[in-house]
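These notes are about the structure you will find just below.
For clarity, chains are labelled A, B, C and D in written order, and residue numbers in each chain start from 1.
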Amino acid sequence: MKIGGYLCTGCGIGDRLDTKSLESVAVREGRIGFCKTHDFLCSQAGVDMIKADMAAEGDDKVTKAVIMACSRRAKTESFNFGAVPTARVNLREGVIWIRPEGSEHDETTQEMAADYIRMGCAEVKAMQQADASGEQGKNNHIMVVGGGITGMTAALEASKAGYYASIIEKSDRLGGVMGQLKQRQPEHSPFQNPQDTGVAALIAAVEADDKITVYLNSTIAKTAGAPGRFEVDIASTVGAGTHAEFGAIVQATGFTPYDANNLPEFSYGKSPNVVTQLELEALARAAGDGPIKRADGKVVENVVFVQCAGQRSTKEGHLSYCSGHCCATSIKQAMYFKDSNPDIETTVLFDDIRTPGVGGENFYRSAQDKFVTFRKGKVSTVDVKGNELQVNFKDLILDEDAQMGADLVVLATGMLPNSGTDIDTMKDKDANGEVKVSVESILNLNYRQGPDMPQLVNGFTDSHFICFPYETRRTGIYSAGPVRRPMDAAQAQTDAMGAVMKAIQAIENSAIGRAAHPRSGDLSFPSFRKEGCTQCKRCTVECPFGAIDEDEKGYPKYNEARCRRCGTCMGACPVQVISFKNYSIETVGAQLKAVDVPDEFQEKPRILVLACENDAYPALDMAAMKRNESSAFIRVIPVRCLGSTNTIWIKDALGSGYDGVVMMGCKKGADYQCHFVKGSEMAHVRMAKIGDTLSTMNLEADRVAVHEVAITDIDRAPKLLDEMVEVINRVGLSPFKF
Amino acid sequence: MTTAVNQAMVEKYKGNFLKEVTDNVEEGNWVKMCMQCGVCSGSCPLGPHWDHPPQELFMMIRANKREEVLSSTSMWMCTSCYNCVARCPRGLPITHIMHGLAHYGKRMGMKPKNQPTEKFGQMFWDNLIKKGRVNELKLGLGLYFKDGFAEGVKVSMGKQKLGMNMMKAKRMSPMEILGGHGVSDLSGFHAMLKKAEELEAARVGANTDAK
Amino acid sequence: MTDVVATNQTIIVVGGGISGMTTALEAAETGKQVILLEKRPYLGGRVSQLYKYFPKMCHPTCGQEINQRRIKMNKNLTVITQAEVSNISGEKGDYTVSVTITPRYVNSNCTACGDCAKAATTEFDDEFNYNLGKRKSVYLPNAMAFPQQYVIDQRIIGTAEADAAKAACKYGAIELDQQVETLDLKAGAVVFATGWKPYDANKIQPYGYDRFANVITNVEFERLMDPHGPTNGKLLRPSDGKEAKNIAFIQCAGSRDKNHLAHCSRICCMASLKQTNYVQEKFGDDGKSTIYYIDMRAIDRFDDFYQNVQANPNVSFIKSKVAKIEEDKATGNPVLHGVNTEGYHRYANQHDLVVLATGMEPSVDFKGFPIKILVNDEGFIEHDDSNGGIFAAGVASDALDVNRAVQHATAAALRAVQVVNQVAGA
Amino acid sequence: MAKHEYSYYPGCSSQKGASSSNLEKSVETLCEELDIKLNPIPDWNCCGASIGYAGGGELPRMTLSARNLALSEKHHPDQDVVATCAACWLNTREVQERLNHNPTLKAETNIALQSVKLEYKGNKKVRHMVEVLIEDIGYDVLGSKVKKPLEGLKIAGYVGCQTNRPFGIAGESFENPMYLDKMVETLGAEALTKYDKKVACCSGALMFSEPEKGQALVKDIIESAYDSGANMIVTPCPLCQANVEIYQDDINARYKTNFDMPVMYYSQLMDVAFGRSALDAALNGNIIQSKKLREIADK
């Protein structure tokens, strides 16, 4: 049982550094079992050498390794030894590539390398092998909430992949909104005519599938547990409730049409002949193969579609966003008229026609070909003139006010997501003492942070990430369809498949204790020292994923299958009792303490840099690849997320003679880029309070800087470090050097 | 004939000018496909001289501005350069539609007053019909005298040098005044055109039949 | 040399852009065996050449970093670069895919130390920067390149320069005698995530991309902004290297056009709106942007982004398809001619730089595909049962933005997983 | 028998004593040089040009070209139709395309053609003389015929509209066709490839009805040629040639310019380069003479 050190002398490391002395630093100061050098460590021979040591028997067996070579981003596969705790000491990108050559620099460069080796040795000693917790179970059953086309598609596709699904549908029938439509927009070339909705076929398929169970008239009374072991109470309005267990959840609860009563300017409610798109579907279905008639029985001869009704508008009570499908929906509905009788006048008044892609543009052209008239116009009002309607609008092309008569006006109103309670608003109201939940919860999660999925904007439960649309803040629960984002039927069905993919993945990975993206495959999970815990609940509040509940005694309960291993809880803990086996207060604390802080007379400051491993660290790495120079006084420690930074590290660093601390995390705020959602923000909040600590230590506030750094900041990141050097030049070295 | 046809058309299409254009104007069935990008309007060499550029005319057709469109001078600004046709993203044969609208407006008795291209164009047609081939000299003289004799003398005096140059270069022949080139099967040629005119009139006329 | 195990429970993903990486990773992280084939010498595809994403204005390399780390850590996933599919035979659940691998001339011994590049002297146009700059004949394609291995340009093979590069390598990483190699791989399902290429702007003749230096494309504009790009992130125009402060964006450059691409490329409106933010970011109130458009397609919550740009006094919108561009001889400024159709206003506007919002066309012509699949007139693969176990992911299926492409690619992973699970169950 | 034989549609302006008779003459000479035989369509009629719509409806105008095509089908069944005039070529080709795509129009056209006992089938290839030179003869052969390279001539290639749009010459772009430049270079002269009015409109027939508007366009065309350093403009189109050449006096008067820019046909340049006389090249058919070109011809 020993720690093996492996020092690579290739890629110029051996040329630039005194490796003999580094070996001795590793063994004597780092106190590891041995340090071997290799001039090409990542070669097969080098890696085989390490693996042989790890395969050895008895005392010779290497159970932890320190790789002293290049950045952890390089040769990752070669130096991946599975569960064996391994520290990567970055001598290439971290030292020789950012320091200029020349004898005047040799001393500080060598010191840098030596410190990093001390740090690596200290880190690996504090690391434990991470194993799965044993909490996990495997359950191949997916709960699908909502029985519209998104939900039905999800259930059927899950079944096709060999998994079970239960559809929980509130109403007494399957089909959702799509079930109320006459037809849908085309899915295949040449995209010219509306097609069957396919709802009947979906229902038949669902009913015939023995892997699918349907609960109609049902809602969810309670959801507890975690991926792989969700426990759900299903309530029924017509019978007894049920208890069921699921491995993962797909929320496909769809949308509610915008309430057109908010649009009195268009005479909605005043005239039965002003209808929404959904109401027109009812008229079209009622008409069957015959002509579409108004409520009063008159056959429609002249219909006007008003696009963006109550949408894309900053007016009070309107929707700011675009619902995406409405242009194509109006086109489809105009075709209902034109296909039955080409002489019916159909006019679409629009601001922008939004029919993207191949299908969209072909469908638009097809409508023009069928004599649907499109006019770029902004509708101000719709007046009721006896039995007729008059649409008043500004024709934006002819630049004049215009009117049109119509016997039916269709309002293209928007979508409101059925996303349940807004847990963030709930929290806010809590603070004011008035809890007012007007919307019923959908999932009724018994999670500490609230009963439903967190919402992104406008009430939709979308992911905030461009690259990761299925990123979820409730692991194992994936939303799909128009509850996630305004979308049309085709996209909703694709979305259902994507969500099912993620649900299946959650089932498979939770069964073996593997983390979900972005730390996919990570087996480590947080645990805490019960005797030290003060039950302050900060970890349960700050966890960006709502993973942590409180047990009956008030202690945190981690639900590791819900955890994403970012360490924000660890950073939050005021008494530092939370840790991961391979990432802890100690693994970082030991590193920063291992640095050799020169006494003040040497005039060599030491700056601790805590850099997010996702963006800031790669940025520093790529700066090094460009050979952008950095200060020799920095000591960089990558962290899983800046949110995992515990203030104790800052205090320890400053208390042990560091002159400054620079923290680099991702962008926070509304357009946050933090991969753990709130991590960077939490770190910023905590560091805003570090000022008190600094002043009790009689240190200048400037000595701690927190920056938002993006992965492209290859020029800026080294400059930020130089700025700290300048600060120290200005305020002087730390008085805490011994 | 024009007013009668015009009345019949107004009667038949009752405010659906797009349909009227589709049914009766050369390549008019393309008008519905315009998406108002305006590339035609920006491409025209005589652009600034159009009261209503093609894309706007297409919008006016949808807005049922029948009178304004058919009596517009705009279509008569077309030089047949085909820039609009080459660039139109929807493939509209705009040049032909402009010709068609101009011709149709004229047929409906709504041609703009004293539009020089309309006048010249008619002269050209008459000239070519006469012999089957264009007599450039007569066409040129006709052009100079289109606004009356006195005006014509003034214009042709001004063009004297030009004419002399052309004659010197043997690119204009005074002999043409005596008759000049032509097709030999002139009667057949005339019969053919007459038939074509009849067929076309019948087609447009048919469109005026009551529903 | 390439040692790959594949069975009819293997999923082959063709194309290593963000869609292909997503399909491959989602399947591999569910425990499936996946082989990811990429034509270029590195992963990341088109998005790796973008500076920022709309609407968050975050960096594509950020997600790429995470995806590449996921790939490095996943033993179910094999990546083969410089690989193209030359043939497919068989049926759903039992395909044989022939793959042609062109030589990189550098093996996995490469440590990316860069010594070989120091020995190289010849420079070639840098494809990664859309030929706006130069790169060496021996090169790392970009800072994020995965695999992190240098590449030797085929054009110097057989020259003394190649020998010099080989001599410079201390790690035996350079193999100048590598040959084209063909592999036959079994697979249960094949996912085409072959993505898109920017429409060839030379074909949009009225805009003079081939004649005027200061007419560039939107993808080139991204490279100008990138700190890794040819101008180190400065907005300098090509003709004279001056800062381009007054920029025109021409929408539907090649899209929604019978003469070019009949479809709407979906992304270009948002891309230009995003790029007006770049101009603002660089020059503040000195930067002016003008968008010439037919319809602004800022769909769903993107409309909020559009509204924010509309509120920016430095950005103007003109509803017009620009008719043609001429060049002002004295200044080299492009002059845009056209008509604002909202009320018929004729313009002749001078700008420092014109950015053509060129659309996307499928990067692979599936017309001559060796096995029957349903391809529409626009060249995209349409989903159909008759395609068997062959699926499209991302832009191979339609013009999509990144978010929707990834969504689609995740769904495609499920389709492939369904096939191999059925094979496993049978 | 000649190497290449075509069914030829001369058009009204090419006739003796008409405005592009010099084009006709120079093409005749060119055909002798290249062993091309042009067989005129017997009893052809006017194509209606681009201005016929004021008087003629769609069908009568279509019938004009249909008659010519039917005559060619009848008399020269195996020969492509070739025209030298841009409008003649465009109208003929366009009518054929439109009739072939519109069964109603085609049927009606054939009814009208019964009056002249002809039937239109629509199976002809309708080509411009320039296409014949590029596709059937080729730049290499043209180059090999050059005896007197046109050294010292700096030529702006003015393609104009109707030889260029909507059909154009295969492989050339609408906005920047290069074939005239290539021809000019083949003949040993300097091609001003950056000439930026090469596809601008000369106003066509509107020069007659709207002279002010027309001359404004032509002024830009000539001015840009001077700016490019040209001492000559070359064009394939008779109306372009006439419009750009013959109004220079008027333009000089109107705009106080000093234009004196020769405007030649490609065929004239070829004739001279191939060693033919000024007379054979119909140089005297131009109002503004190029001294340099004449010197080369007279050499």
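Everything below uses one rule, namely that a residue touches a chain if its C-beta (ideal position, glycine included) is under 8 Å from a C-beta of that chain, and two chains touch if they have at least 3 such contacts.
Listed by chain with UniProt protein names: B = Quinone-modifying oxidoreductase subunit QmoC; D = Heterodisulfide reductase subunit B.
The structure presented is a predicted model; accordingly, all values stated were derived computationally and were not measured.
Contacts with chain B and chain D are shared by C.
Comparing the centres of all chains, each the average of its CA atoms, the largest separation from chain D belongs to A. At the centre of the protein atoms shown, by the Cα-centroid criterion, sits C.
In this structure, the chain pairs A-C and B-C differ in their number of contacting C-beta pairs, and the larger number is found at A-C.
Averaged Cα coordinates give chain A a centre that lies 24 Å from the centre of chain C. Note: centroid distance chain B to chain C, computed from Cα atoms, is 50 Å.
Chain A and chain B have Cα centroids separated by 64 Å. Note on chain placement: the centre of chain C and the centre of chain D lie 45 Å apart, centres being C-alpha means. Counting partners per residue, chain D has 174 as the residues that reach two or more other chains.
Multi-chain contact residues, meaning those touching two or more other chains, occur in chain B at positions 35-36, 56, 83, 86-87, 90.
Listed for chain C are residues 206, 256, 319, 324, 341, 344, each touching two or more other chains. Applying the touch definition to every pair of chains gives A-B, A-C, B-C, B-D, C-D. Residues 205-206, 208, 210-211, 324, 326-327, 329 of chain C are the ones that touch chain D when the two sit in their complex.
Per the touch definition, chain C reaches chain A in the complex via residues 18, 25-26, 29-31, 51, 53, 56-67, 69-70, 72-74, 109, 111-113, 140, 143-144, 148, 170-171, 226-228, 232-233, 256, 262-266, 295-304, 307, 319, 341-344, 376-378, 380, 382, 384, 398-400, 402-404, 406-408, 410-411, 413-415, 417-418, 421-422, 425.
Residues of chain B that touch chain C in their complex: 35-43, 47-48, 52-53, 55-56, 83, 86-91. Of all residues in chain D, only 173-176, 196, 227 touch chain C in the complex they form. For chain B in complex with chain A, the residues that touch the partner chain are 16, 18-19, 22, 32-33, 35-36, 56, 59-60, 62-63, 90.
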